[in-house]
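There are structures below to look over.
First subunit A sits with subunit B, and in the next complex the same chain sits with subunit C.
Up next is the complex of A and B:
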C-alpha cells in the first residue's frame, strides 16, 4: 500500500516510476490488514501529524471520480469505548490531548452509545467518537492507486542487489529478471524493508509483529463504526513481544465483520493459533453480544512492520545517496500510506516536505543499542 | 437409470424434510444440497448485492455459494450439512440475518 501511494504521488509530481514487488499486488502485509485509516489510536506527535496529513489526502483521493467507490472508502468514524470509569477517565484525557493536535474527538456518554452503535453491549462506562476515522478495502486501494499512478508495474520480481556507483550512490537494482537503472530507489518493502535496506548495506530494524483477523459470515450492517476498546491504544504502544489482544470490530462493505486485533512478536511464523483467535472472538463478543450467534468463516494472518520506536522510516537515507525509505508503519500503513507517499514525492523532487522528517530518519537507530534491534529472536 | 442402482447403494428408508414448508423426501446420509437436487431444486439462495440465484457450485464446502438456512440457522453450506428427519430448510435471501 505504501509503495502504491509513493508511486501515485511521485508520478503526479512528474517522475517516471517503476513499481516492483516480489509477489502480487498486496501480497504481503497490505492484503492481511483491515484497511484502517485511524487518527483515534495515535497520541500527539509525529505519527499523529502524519495520520492527519494522510487523512486529508485520503479524503481527496476518495473524491476523485470513481476512486472512492472502487477502494470501498467509508468515512465511517471510530468509536472507542471504555468498560469502567477509570478507563473512561484515561480515554477522555487521551482525547483531550488529541484535540489540541487537531483531532476531532467527541465525548459520548454511556446513554448515548446506543445512538451510535445500537448493538453494543449495555453497561459500558462511555466512549469517544472520532469522526475522522475511515476505512478502505486495502487490496483494492493498493491496486487502484498503482493503476491511477500510471507507473510501470512489475510483479513477481525479486530485488537481489541494490546497484551503486563507485562513490556509493544508488544507480539501480538488480532483479531476478534483469537490472533496472534509476538514480532513486524507494524502499517500500514493509515488513521486509530491513532486508532490502541490507542489500544497500545499511541497517533498518524492521521486525515482524504478527496479527490475526477473524472474519464472520456476511451480515447486514450492524456495526456502523470502527469500534474498539480503550485498551487497544495501550497495546499498540507496547513494546512487549508477548501476545496482546484487544477487541477491534468493524463491518465491511461486503458484509463480513472483521475482528482484530492481536499483536505478538514471534518472527515470521504463519501457523494458526487457536488461543489467539479465541481471545479475539471473546473480546469482540464482549463488545457486541450478538456476535455470539454469528459464525466465523475464516481467519487471516499477517505481519506488521514494527520498528522499535513505533515510528516508520520515511525519507532519504543519509548513508546511501539515492536510497529512500518508506516502511515500518506497523499496523497503520494503510492509513499512513498517502501522507508517506506525498512526503516521499516531495523529497524525491527536491522540495520541502509538508512535515519535518527528522522523527522518521532511517538512520536514527545507528550507534549505541542499534545491534540489539538487528536480530529478532522469537 | 436410477442412480442408486448405479452406485449399488442400499440406503435406509426415506424420511420427510421441508423446503419453505413444502415436504420433500430425503435419504439417510444425504446432504441438504443432494436432497434439493434430487427434488429438482437447483437454486435456494439469492446474493446480497444483486439478488442473483445461487445453488451448488463447488459441492465440496469450499466456495460458500450454496448457503442455506436450516432449522433457522442461516449461512450453512448445503453441500455439507447432512439431513435429519423433520429438518426445516428455508431458501435464503441476502445475508440470511435479520437481527
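Up next is the complex of A and C:
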C-alpha cells in the first residue's frame, strides 16, 4: 500500500516510476489488513501529524471520479468505548490532548452510545466519537492507486541487489529478471523493509508483529463505525512481545464484520492459533452481544512492520545517497500511506516536505538502539 | 458418562470407508475410539444409505461392494456393543486443536481437542479430547464452470449420485452426464437404472489412453473389470458415450433445456463446427475430486503445495506427531484405497497409542493393495484430466464464484489490470472464494481463469463457527472436572 501511494504521488510530481514486488500487488501485509484510516488511536506527535495529513489526502483521493467507490472508501468514523469510569476518564483526557492537535473528538455519554451504535452492549461507561476515522479495502486501494499512478508494474520480481556507484550512490536494482537503472530507490517493502535495506548495506530495524483478523458471514449494516475498547490504544503503543488482544469491531462495505486486533511478536510464524482467535471472538462478543450467534467464516494472519519506537522510517537515507525509505508503519500503513507517499514524492523532487521528517529518520537507530534491536530479534 | 479406565483414546474424524476401517482396526488393538462424523449414518459418501423413512427395500442395487459394507457395519456394531467404539453422527468438526505439551502416550493430558458443532443449525458446541487423531475427512467434487452452469437442472455428478443413494430421488427425466473421471460411469448407469433417460455420457478424456498404460493396470484386474461392467451396463441401457467431447454451454431460460457438446482435438481445444445440441432437463457434471484438507492444514500437517494431498508416511502418519490421515485426504483414490489406508492407519495408531512399535507384516495385505491401487490411480490421474483449454470456453459473463457472484471477466481484469498474480490476490480484489463455501467450489476454476497455480487454501475453520462458540472453545482445557454447558468432552466410554 505504501509503495502504491509513493508511486502515485511521485508519478503525479512528474517522475517516471517503476513499481516492483516479489509477489503480486498487496501480497504482504496490505492484503492481510483491515484498511483502517485512523486518527483516533494516535497520541499527539509526529505519527498523528502524519495521520492527519494522510487523512486529508485520502479524502481528496476518494473524491476523484470512480476512485472512492473502487477502493470502498467509507468515512464511517470511529467510536472508542470505555467499560468503567476510570477508563472513560483516561480516554477523555487522551481525547482532549488529541483535540489540541487538530483531531475531531466528540465525547459520548453512556446514554448516547445507542444512537451511534444501537447494538453495543449496555452498561458501558461512555465513549468518544472520532468522525475523521475512515476505512478502505486495502488490496483494492493498493491495486487502484498503482493503476491510477500509471507507473510500470512489475510483479513477481525479486530484488537481489541494490546497485551502487563507486562513490556509494544508488544507481539501480538487480532483480531475478534483469537490472533496472534509476538514481532513486524507495524501500516500501513493509515488514521486509529491513531485508531490502540490508541489500543496500544499511540496517533498518523492522520487526514482524503478528496479528489475526476474524471475518464473519456477511451481515446487514449492524456495526456502523469502527468500534473499539479504550485499551486498544495502550496495546498499540506497547513494547511487549507477549500476546495482547483488544477488541476492534467494524462492518465492511461488502457485509462481513472484521474483528481484530491481536498483537504478538513471534517472528514470521503463520500457523493458526486457536487461543488468539478465541480471545478476539470473546472481546468482540463482549462489545456486541448479538455477535454470539454470528458465524466466523475465516481468519487470516498478517505481520505488521514494527519499529522499536513505533514510528515509520520515511525519507532519504543519509548513509546511501539515492536510497529512500517508506516502511515500518506497524498497523497503520494503509492509513499513513498517502501522507508517506506525498512526503516521499516531495523529497524525491527536491521540495520541502509538508512535515518535518526528523522523527522518521531511517538512521535514528544507529548506535545504542541497534544493539537493543538485535536482542529482540526472534 | 466420563470414564477413564486408562485406555488411550483415538478420535477418528469421518465415518466413510477410511474412517470406519481405521476405527475397527484401532479398536481391534484395544484402543478406545470415537468416530465423529457429519452425516446422520455411517458410511460416508461412498456407502451413503437411504434415509430409513424412505423404506428402500434393496439399497444394494445402487452399491457395489455391498459385502464390504456389511462387514464394516457389523464390525462397527460389534465394537459399539463392546463399548470400544462410540459413533457420533451429525457432528460437524470445525477445528482440531493440539496442545503442544506432553508425550503421545501420556494419559490424562489428552493432547488433542476435536471441536465440533451439532444440532439442526450446527450451533451447539461439542468438544472431544483424545490422545491421537485420525483424519479421514474424505473429498468433494471438483466442478469447472462453463456458460450456463448455474442454471437449475445442472447438478454435480456426485450430487446426482448422492441423490440416488441417499434419497432415491430422480431429479429429471432426460439427463446428460458430463465432465471427466471414473465417477461418471456409475453416475450414468445409476441414473439409467433408476429410469432416467441418459441422453449421453460426455467424457473429455480418451479412456483408450488407459490401454496404452495396461502394464500398470494389470495388477488391478478387479478395477478394470469394474470399469468393464459399467461399460456393458451403458451399452445395455443404450447410453451414448462421447469420449474426447465436452459440454461447451448449457441452455435454458428459467432452467436447463439443452446442452451443446463439442468434440475436442488432440490438444484439448474444441474442434470448430463439431458442436451439437442435446435436449435434456438434467446435466450431471464433474471433473474429479479434491480432498478436504482444512482440518489437517490448520493442525499444522504438511499438505502438498497444490493442495491435492496430506503427506503421510508408510504407516499413514502425518508429520504432526499423534495425527494420522487416511483415505481421500492423502490423495484421491476411491473406496478400496481408503479401506486399505484406513486399516493401516488404525493398526499403526492402535499400536503406538499403547506404546508398542507396530508390526507392518500384520497389514501386509492392505499395504499391497494400497501400493497397487496408488499405482493404478496414478495412471487414471494422467488420463482423466479436464481439457487443457477448458478456460477458452468460459465467457467473461460466466459466473465463476457462485457465493459472491464473481464473473470470469472480473477475475481476468484483476489479473490483467490490477496486478493480481495468485489466487489469494484475485480473491482479495474480486471476492471470488470469500463466500459461504470459502472457495471450495471455485478455487480450481479461479486459478485456471487467472492462469496461476492452484494453491493450498488456508481455512482454519473447516466450517463456519458461531463467535459465541469460538469465544468459549476449549476454555475448560486443562481444568478437569469443571462442568460446562453443552459439554460432553471426555465422554469416550
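FYI, the second predicted complex is superposed on the first by the 372 of 378 C-alpha atoms of A that agree within 3 Å, B and C clash if a C-alpha of one lies under 4 Å from a C-alpha of the other, contacts with A are read in each partner's own complex, and residues count from 1 in each chain.
Throughout what follows, a contact is a pair of C-beta atoms (placed from the backbone, for glycine too) under 8 Å apart; a residue touches a chain by one contact, two chains touch by 3 or more.
No experiment lies behind these values; they were computed from the predicted model shown.
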After lining up the shared chain so the two structures overlap, which partner does A:63 touch, if you call subunit B first and subunit C second: first, second, both or neither?
neither
Superposed model, subunit A: greater residue contact from subunit B or subunit C
C
Per the contact definition in the header, classify A:291: touching subunit B only (first), subunit C only (second), both, or neither.
second
For A:220, is the partner it touches subunit B (first), subunit C (second), both, or none of the two (neither)?
first
I'd like to know which partner A:84 touches here: subunit B for first, subunit C for second, both or neither.
neither
Examine A:31 and indicate which partner it touches, taking first as subunit B and second as subunit C; both and neither are also allowed.
second
Subunit A residues touched by both subunit B and subunit C?
217, 294-295, 297
Residues on subunit C engaged by subunit A in the complex (per definition of touch)
95, 97, 123, 298, 300, 414, 417-422, 424-425, 428-429, 431, 434, 436, 438, 458-461, 464-468, 470-475
Tell me, which parts of subunit A touch subunit B in their complex?
119, 217-220, 222, 255, 290, 294-295, 297
Subunit A residues within the subunit C interface of the complex:
23-27, 31, 139-140, 143-144, 146-147, 153, 155-156, 214, 216-217, 254, 256, 259, 271-272, 274, 277-278, 281-282, 284-285, 291-300
For subunit B, which residues count as touching subunit A in their complex?
48, 64, 74-75, 94-95, 97-99
